[in-house]
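Both complexes below contain subunit A, partnered by subunit B and then by subunit C.
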Partner chain A sequence: MSVARGSLYRTVQRTRNRGLTGLYLLVAALLVAYVSLFPGVLSLAGFSRFTQNWFPLALVTMAQALLMLNGGISLSIGPLVSLGAVIAATTMSGPLGVPGGIVLVAVTGLGVGAVFGTIVALFRLPAIIVTLAGSFIVGGVALLVLPKPGGMVPAWFSDALAGQYPTAFLLLLLVIVGWKVFMATPTGLGLYAAGDNPLGAFRSGVRVERVRIVAFALSGLLTVLAGLFVAAQTGSGDPVIGAPMTLNSIAGAVLGGVGFLGGRGTMRGALAGSLLLAAMINVMFFLGFPPVAQYVAQGLIIVAAVAVPELLSRRQRA
Partner chain B sequence: MKAHSTKLRSIARWLAGTACLAALAMPLTAIDAAAAANCIKGERKAPYTIGWANIYSVPTWMKQTEGTITAQVEALKKEGRVKDLMVTDAQGNAQTQIQQIQSMIDANVDAIIVIAGSSSALDRVVSDACDKGIAVINFDSLVNTDKVTSKINTDSNEWGSKAAQWMVDQLGGKGKIIIMNGPAGVSVSDDRRKGAQPVLDANKGLEVITETNTEYNVAPAQEAMTSLLFANPEIDGVLSLGGALSAGALLAFDRQGRDPVPTTGENARQFLELWKEKGIKGWATMQPNWLGALSVYAAVQALDGKPVPARVKVPLPVIDDASIDSYLARADKFPADGYIYSDYDQALFDKLLTE
Partner chain C sequence: MSAEPSMPLNEATVEARGVHRGFFGNPVLKGVDIALRPGRVHALLGENGAGKSTLINLLSGALLPHAGEVIVDGGSVSRFSPEAARRAGIAVVQQELSLVSELSIAENIGLGAYPRRFGLVDYGALAEGVEQVCRLVGIQENRGTPISALPLGRRQMVEIAKALFRRPRVLILDEPTSSLSAHEAGVLADLVLRLRDEGLAVLYISHRLNEVLALCSHVTVLKDGVVTADRSLAGVSPDELVRLMVGRDAEHLFPSWSPVAGKEIVRLEGFCAGSARDVSFHARRGEVVGVGGLVGQGQEDFLQGLYGAVAARAEAVSIAGSASLPKSVEAANALGIAYVPADRKRESLVLTHSIAINLALPSIGRLARGWSRSRHAEAELVSDLSARLAIKGDPARPVQALSGGNQQKVALAKWLPLKPAILLLNDPTRGVDLDTKREIYRMLRALAADGTLVVLMSSDTPELVHLCDRVYVFREGRVSGVLAHGTISEEAIVGAALGLPERKAA
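This part shows the complex of A and B:
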């Protein structure tokens, strides 16, 4: 590592970004390819549409990364997205209205997350088992709330969130600012510390259990909000729509350099990972790849995203 | 500034002109609107580009369906009606499918053929396509919105009620049965089950011991049936509401050394062969794979300005103990884990689209 020039902050950030150069370049290349294949994405409507398709994945990837940074993981991301979507679709056109629906969805997410967090933190059970069990319960509840696709989200709300304007992108910026603020609080710092070295963190005065519960609650909140957005985007609820998101959220986070063991990785990396997954789908469509080739290309891009930074860092070390 | 005002004036002139034209053309368009299919604005000219937005390309049923689609496209290419086929695979993710249909709209395809990954989630993106004058043909798994050119399907309710009725007739209205369903929360599987319910209600002698919900695959169905066989010494019939489920059930009976019982199902080759081999009483219908080819045909008809009904209800072909041999005779033309569908040709398509 070079001797620190400038502030300590910059140096730290440079170290944290180091493994991600490859990913950033890959994402930039994909975006350039996308723009040249479909210039319409630069128009306001085109940009809005694209970011709308990225937004839910970005949220669940953040929700997953938040837990992984703390040394946890969630296998109930998908069902929780579905639960958020069906609650939104069944309440918003009823007496509770849109504000009531949003509150109910948010409370559900915080509550479910906090329960998972409490079980993991206080009973010292592995997060992977607790959230696996939780995924069946949450998925079942989603099916109870809405046994088959249906429900309704008011059209004006759909148009406001997922219409011609980049509301989704602005919301994402807001979430990112929120994350930055959270990272400046003792709890936010504790999240990394407890993920990296729980015992050390505990001895330095971090309330490890409480931090874990907060991490799960916030992760639950982000997840159900993704569900709420999906409900708005589709104008309705579907009790199984979130299913693929569990794996995608993990893929996005891991691509973004977030480690499974806690304390390693950055939120910006996770966001870039999710953007890679979202942009890849569109680029491959415009390249006209047949589906079978798409599977192969997807795999190659993902391997490249993980391998290139690894190889680069190895060369730097040598 | 000057350029601006000239532009304004030319717009005003254009508006006035269009208004006159519109007034003149009013009676004409009224007639056209009655004749043309939904979503069609008449601006698109052959040869057309067709987008096929698949939800999941891996299952054999899907591969066979895609086979009928590409065959139909090849035929239409030769006639100069179709230029290109763009295929996407959402890998089971409805959210991805929305994104891919959006990309098809961005690429300005002329028609979109779609099997919906969710009956509700695609509504908004599909109506957007319809607004842009793209012919949207939706088959198999349907969307809720009516803003599509046409929805083509068999009737899942009827599927369930016919199967249940056959079971009632077979058992003389008395006996213990197991119902095998597809995954919970999926419209097709829910609708088939719902269709069976009135028949079961009307025949109280038929006792439903238990029900299963599994993916439409042999292995999970066999597993589920195996544990049920341990628990239930007396089973008189298996009301299976999906092809691969029936094959799984028959295999489970076979492995346990139990005598097979009357079984319903679909045209899965494996099921039909087991049905014949074990000599059971059987009944099967099908979701014909050629619904894909029919959708391509309907899209081109609609784009050509011909009328295409907003809903096409394809009658369920039935396979029973009398007709099974005619299906098995063609078995070698189909994959071992595939579906033996009934024959189709353009005459059949024309007939279905005029009804």
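This part shows the complex of A and C:
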């Protein structure tokens, strides 16, 4: 069967949905349940609020999935979110203003990511160790910048990002388009290749080290932008606000079917995973679960979500 | 060097002159010359460890020689690299595939050489280029299919298409047919000859001598890091070729044996496991029963179903004295069934651990006294097995330091102390050198003579012909032919594998 010119891209995109049907259905079911429990989410303000709660989680999940697809992982997502938040909160109301703050936050994320990536790629150290060490350093720097919660994000900027309009959702669409474009570049495909089969990718002419550094830099950028958004949401900076984000980002990616060994999974899956997680957290919050029960339930759901498709596929094979 | 008859020598596209290369002070190549010329298929033969892989790596820029030089188009290159080799038009199909499982066939073929438009991959141009090479190698699957959905043989063909996508002038094929079915190997053979006629220089490495004789016109033989022959293949017989490789008169590759009819140990009717469907199978102790056919026709599921590794059911069962199929690997082991997987590196050996541990692993529990391991009994077992199988070297070395053939011997040997009643083998000689093959064949027949039932699944047709009492040929999950002793021939096996009506062998 031959593929007519132009349709190859569509076929490839379609096949990337393989194995995600169950997840999509689950997310759809949860969203339906959510809407029937809280019909308010269908209003503009309700939709905006919901997507604002999802947005930072979506960004860090993408940041994590990006690295996991490349065969890495980051344990410094949380501290880097905090660093992004405190930089935003300390610079935006100062002489740099909002644009200067955004640039500084973005440069910090890219820079920190690139440094991690360079250490991992050139010194061939395990990403988990480098980012574990990095999490202490980045967390410490965040505390140096802003020792206790404070700083300020201009109110107009908070309103624009996290007010009653679904700016967050539009930004997310923008990020997704950006990812689509990135995945249509040789470097984007090289990200998968270097994650799944580094030696084969190297022999094929993929610049494995460069791809890895780019992955870490982009991941750092997405992470600090999540921090910037959180600062805008709360109107101030908090040097430890990102703490739960490290594990949540891994949870979202894993829920979305991204594998730990590199090259397995898709970004659309990771996004669906983060949506599932965000909706779950919201539902439990509004149903008045105590925080401890929330964590336990969250853990159980993650295990179930990973185990059920695996067991189903095993039954199919038998 | 004997001259090529009546053919002027074209200038070599790539050439190695007097190259030396060693690893950790251990010389592997000691002054090797080889010249790949356009329009010629050049065979590189040698046993495992002779230095073939190292030589390929030198010719493709993955390694640099310690002495001597690599010459491209008549000019010496000082800093050769994979990048420079690619620019010079040298493409290598390695034994270890360079494919990415989640990317599509097309994205894999283009990897590292994507056509671009505005910095993005130009999927339209990619589809066109991929279409051409896919036609050449006979890939019919949709180009958007992810690699993970393809069986191993098809992946190998994609790998070859990937090499051709770069329009190479030199194509190096390292054991390209080891995972191919007979049909795919035929497609590849036609392709190689066509590329030769188009003026490519092809270097062909294979342990299958009939392929080498059919395709190649020139041969370089490596033995222990030096060239022992560099000559035309015209008029060379397989026996001579074997002699060139092993450097002495080759005894027959296969041991002589006579059928021993033992007690029936397996009888299955309507057996289904994975893609194997409705298989009727019976076998006696003392037999070597072959399982053949194209790659991926359910043979592996058949073996794994017998081993309890894949869920299986059957209408009627009698296996090793049990009236039901083993439900698990443990149950199969308890019945005396052992399985040697094809992928020795992943499924059968603990690569970073020592030869000794790997050999002893299945026996540690049996040798233990109470809760404590018996080091003494283990050491005895290890030295006994090493001696019986001629596994050379210090058993304390990690298994990954061994050559492929010796690794396979370890993977096989570890089951012998359990004295399995049924030994299931999945392609035990894939990528194994001739000497080791001969040892493995002898061992299998010896095991059968001791009353073991050996079930040998193989993609190497000659070993089914010469080693087996009977051969079951699989096609699309079903048994398409059972060949009894005396009627087994390569033609009959390939015919049954392709679903041709039975015919008398020519």
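To be clear about the criterion, the second predicted complex is superposed on the first by the 284 of 318 C-alpha atoms of A that agree within 3 Å, B and C clash if a C-alpha of one lies under 4 Å from a C-alpha of the other, contacts with A are read in each partner's own complex, and residues count from 1 in each chain.
Just so we're on the same page, contacts are C-beta pairs under 8 Å (C-beta built on N, C-alpha and C of every residue); 3 or more make two chains touch, one makes a residue touch a chain.
What you see is a predicted model; the values in this text were computed from it and never measured.
Peer 1: Taking the superposition as given, does A:R18 touch the first partner, subunit B, the second, subunit C, both, or neither?
Peer 2: A:R18 sits against subunit C, while subunit B stays out of touch.
Peer 1: Touch test for A:P290: subunit B only (first), subunit C only (second), both, or neither?
Peer 2: First partner only.
Peer 1: Can A:V181 be said to touch subunit B (first), subunit C (second), both, or neither?
Peer 2: second
Peer 1: Could you say whether A:G269 touches subunit B, subunit C, both of them, or neither, answering first, second, both or neither?
Peer 2: Once the two structures are laid over each other on A, A:G269 reaches no partner at all.
Peer 1: Tell me which partner A:V230 touches in the superposition: subunit B (first), subunit C (second), both or neither.
Peer 2: First partner only, subunit B.
Peer 1: In the superposed arrangement, does A:F202 touch subunit B (first), subunit C (second), both or neither?
Peer 2: Only subunit C; A:F202 stays clear of subunit B.
Peer 1: With the two complexes superposed on chain A, say which partner A:A193 touches: subunit B (first), subunit C (second), both, or neither.
Peer 2: The second partner, subunit C, only.
Peer 1: By the touch definition above, which subunit A residues appear in both interfaces, subunit B in one complex and subunit C in the other?
Peer 2: Subunit A residues touching both partners: none found.
Peer 1: Which part of subunit B faces subunit A closely enough to touch in the complex?
Peer 2: For this pair, the touching residues of subunit B are 54, 57, 86-89, 91-96, 98-100, 102-104, 106-107, 118-124, 144, 183-187, 190.
Peer 1: Would you mind writing out the residues of subunit A in touch with subunit C in their complex?
Peer 2: On the subunit A side, the touching residues are 1-9, 11-12, 14-15, 18, 181, 184-186, 189-190, 192-193, 196-197, 199-206, 263-266, 317-318.
Peer 1: Can you check the complex and tell me which residues of subunit A touch subunit B?
Peer 2: Subunit A reaches subunit B through residues 38, 40-41, 46, 49, 53, 56-57, 89, 143, 147-151, 158, 162, 230, 233-241, 243-245, 248, 278, 281-282, 285-286, 288, 290-292, 294-295.
Peer 1: Which residues of subunit C touch subunit A in their complex?
Peer 2: So the residues of subunit C touching subunit A come out as 62, 82-83, 86, 92, 94, 96-104, 106-107, 111-114, 116, 119-121, 123-124, 126-128, 130-131, 140-146, 162, 274, 310-311.
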